[in-house]
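Paired with chain B in one complex and with chain C in the other, chain A is shared by the two complexes that follow.
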Partner chain A sequence: MLPIGLSFQQAPPISVPFRFFLTAPLFLLAAATLLLVEGPDLMVHRHSAAALAAAHLLTLGFSSMVMCGALLQLLPVLGGVPLSHPGRMAWLVHAPLVAGTLGLALAFLSGQALFFHLALIFLGTAFGCFGLWLASTLRKIRGGGASIQGMRAALAALIVTVSLGLVLAAARSSGLTIPYVPLSSLHPLWGLGGWTTLLIAGLAYQLIPMFQLTAPYPARMTSRLIPTLLLLLAGKTLGEFLPGSTGKALSLAASLGLDAGYLWFATVTWQLLSRRRRKVPDTTLQFWRLGLGLLMLSVGIALLAEVMGDGLPEPWLLMLGVLALPGFILCVIQGMLYKIVPFLTWFHLQSAYPGLGIVPNVRDIHARFHADRQLALLAVALAALAVSCWLPALSRVAGLLWMAHALWLEINVLQAARIFLKVRRVARIREAH
Partner chain B sequence: MSRISQYLSAEHYQCDNLFAEAECAVAEARWEQAAPLYGEFRTETEQHFKREEEVLFPAFEQATGLVGGPTEVMRSEHSQMRRLLSRLEHALASHNAEQFLGEAETLLTLMQQHNLKEENVLYRLAGQALADQADRLLEKMQALEASA
Partner chain C sequence: MVMDILLDVRELEPPEPLEKVLEALCVLENGQRIRMIHHREPHPLYPILQREGFRYETHFTDEGAFEILIWRSSPDN
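Here is the complex of A and B:
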């Protein structure tokens, strides 16, 4: 069957992705506020109640929020598979994701079973609907390049992450006995190293050469890396459950393989970016560079942890989490956000009112200095958070910096939404006359 | 990849290069170099549009019966890009770097997602539907190049 069209009109209305993009910085703000309130208590241990609440505000409330919004927007256009009920779909994913994330954060902080149950229901609904939509859309896209393969692998990792999360939450709320130690380390591994990183890699294969005018990623990477990482994640999972030295050896080998894979991706992307044909400075590029640098650092610490076994002190493990989650993942996702938000604003206006001479260009929508300052603030906030792993007394300062960063991001996205509404209002008045 | 797809994708690559050079010249305020570089980019882009609109799209529509489908969307994106090209020209003539770079970034994003859709979907379909006429169509496209 031939695709019906390649039309932007078959993309969902702008309100679909924008509700996700406008909500995400608020969860970043919530995580930062928690850091400010809890201060050193949050930095004591990566499994402290406050640290778990903050981590889930970031992973569910920020990164998954942005990624779901972006995929609901991009996939129908790029894959030529329209979203049949965009408004209903957005509502079915967005509202329960918001409620479930809040519920889970409250559950960790209060320890009350009721909140865990609510979080289970809402997050199960959000990811259930999103996963079903993603699976059915990916199935309709014939063949597809490395990016589509990346999305398929990311979806598989999302299913594992959510399943492990649901089991962990059910166990916490009901007192069910489960092998807590392996599950609680596999859940973040599948979430950060699987769902998020595989999706980022898949999108990077397409977006980096496209927007930074670099050479394409080498074919041996695009054909092998993502499937191999998925296989290694499965190997690691198996290793954690196999008894004795076989299990330990498998787990260690898979971890080392994963580290090598992430490092390969970071190095190749860095090299591509440094040889890009487009020479004009671009803030997105700086977000990527910072993110990739942090990915390399976090792989370094992960290697150290694997070599030393249980001997690595807690601050190192905490810092590993900081470098990977608010570090690598937040940087790259924000870099993408600064490309997507202005372009969507411009494109929706331009497509709806082609003859209108007043649609501002993407730089006017996101004045460049906004993104530059945003990046600088992010770098300072990250540095403060990293230092807080060793000096917990600094954590409230880090919290304040993160709050400023989150607010600024929210203001920038709001600014784009405001421009959209203003231009649309003017256009409608002109049309009426 | 079909030969039609190879030929037109290579043009995308060439246009990207010219775009990057013109954009860089403006960013560095090398206006004397920017004008011819931009001129070359615009000419190449227009030629590419012409090959698609006058040769590929009509042949595709005739072979598949798909009129008003993907080709129509591509035509409408071409006209959006043409509007941006005019704005870029205006910014270049008035040496307004800020406006030029803003419009250029907009054009780059639009152009890249347009090229992606063409390369991933339209050229692939055209390659299948027009396999038996590939030689004739390529000749026709190259002839446009010579007369442009």
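Here is the complex of A and C:
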């Protein structure tokens, strides 16, 4: 009997997602180093140059980096549409995303127009290529479930986010006069509450029941939540530009609707995870729980900000950013990474070398990662960063903890790459004999 | 009559059900069947079974699970 292997023709090579997964922790490390170097100056205001640089190292360099890599791997398999020229496509997105993120961070820190121009070119290329690929792939998928619909909505939000970002960057570099206040609040809203959260929700519909062995999400949520959130984001945008009390009322109503939607997603996901069928401990579950708890807290602060208008002190607004970005989004993305990376390592090895008896099983690969230490580091680093919003003197301690956290993540993804390369080396030696 | 191989993978997360069934296929004897109990229909498994010369039947059970019966299509493979 010949050994049995996998053959999913749609799956791109492992080098496609792994180049993104290996790069992302390095940007997390860069953001942490910036916090260590700048210290309290970074925590003065959420729109300080250092805070903006750190935020973009996280959003572009970490979360978008991971999500682009994951989508380039998952969408061809989920949608049954192979990625043509995977190596070229990965290069066209990855290289300019790296260069553009570095350029933008340097632009914020130095204030030099040249870096803004470079960032505009590179990020425009990266997201242009990625957006065109995503749009053409999604068009080829007929119908599609809630996850595919989530990706369509996330793509729409990505287009708005990138467009707003390009306008803001162009204005900073050329002195162009723009309505800075509404645009600078809408850009992060579309990026975090749109592109990232809609994609997380869409992927969660598929990945939570599958990997955490829960019941499916309720149909009324999977059919309504994401389109409603997208409409509310559009309503909020319109409200920001309509004059007078009508605009204010629309903006407030849309914000409250968005808060309710995010809270609904967090509550339902929490309930599903609480009633999962498998009772064995699982660290990725704790990443999700921590992330969802932080999402609920950030919605609470957002509500407070909406009720109090401009009266909420800056530390609370900084805290809102901390709970949403390094909080909810990083927790959930790392929860997904610690499932996807061992899975892909196993999957690609099993596909290539099914019969040699040298492919470790997926539990062994999981066991080598010590995700529990990663979670503990993340929780402590987050707590230190949250306290730094009120006690900026602690920010350098938070920076050190985030550096340790980022290094641990990089070591673990490298460990997966090492396992892959080691098995491949052994297989090649055996095949040669 | 050879006993069926029972694989209840309802409490396993991907890709462990696939790992288990690939291992069982390698030791499946002629006339023997694998009876796999799964909480979802394992669509990625079917093309592998067809390619490797196995036959299968899928039923939805009263317990709300999928039962997949797998056997060799000919004694030679």
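The working rule: the second predicted complex is superposed on the first by the 422 of 433 C-alpha atoms of A that agree within 3 Å, B and C clash if a C-alpha of one lies under 4 Å from a C-alpha of the other, contacts with A are read in each partner's own complex, and residues count from 1 in each chain.
In this text, contacts are C-beta pairs under 8 Å (C-beta built on N, C-alpha and C of every residue); 3 or more make two chains touch, one makes a residue touch a chain.
The structure displayed is predicted, hence computed values, not measured ones.
Novice: After superposing on the shared chain, does chain C or chain B touch more chain A residues?
Specialist: The partner making contact with more of chain A's residues is B.
Novice: I'd like to know which partner A:80 touches here: chain B for first, chain C for second, both or neither.
Specialist: first
Novice: Under the stated touch criterion, which partner chain does A:252 make contact with: chain B (first), chain C (second), both, or neither?
Specialist: neither
Novice: In the superposed arrangement, does A:304 touch chain B (first), chain C (second), both or neither?
Specialist: neither
Novice: Taking the superposition as given, does A:206 touch the first partner, chain B, the second, chain C, both, or neither?
Specialist: first
Novice: Given the touch rule stated above, what does A:145 touch, chain B (first), chain C (second), both, or neither?
Specialist: first
Novice: Answer with first, second, both or neither: which of chain B and chain C does A:363 touch in the superposed model?
Specialist: Both partners.
Novice: Which residues would you name on chain A as touching chain B in one complex and chain C in the other?
Specialist: 2-8, 210-211, 213, 277-278, 343, 346-347, 350, 354, 361-363
Novice: Under the touch definition given earlier, write down the residues of chain B that touch chain A in their complex.
Specialist: For chain B paired with chain A, touching residues are 16-17, 19-20, 23-24, 27, 64, 66, 69-70, 72-74, 76, 79-80, 83, 98-99, 101-106, 108-110, 112-113, 115-117, 120-122, 125.
Novice: For the complex, which residues does chain A have touching chain B?
Specialist: Residues 2-8, 77-78, 80, 145, 206, 210-211, 213, 277-281, 339, 343, 346-347, 350-351, 354, 361-364.
Novice: Along chain A, where are the residues that touch chain C in the complex?
Specialist: Residues of chain A touching chain C: 1-8, 210-213, 277-278, 343, 346-347, 350, 354, 361-363.
Novice: Spell out the part of chain C that touches chain A in their complex, as residue ranges.
Specialist: For this pair, the touching residues of chain C are 10-16, 18-19, 22, 25-26, 39-40, 44, 47-48, 51-52, 77.
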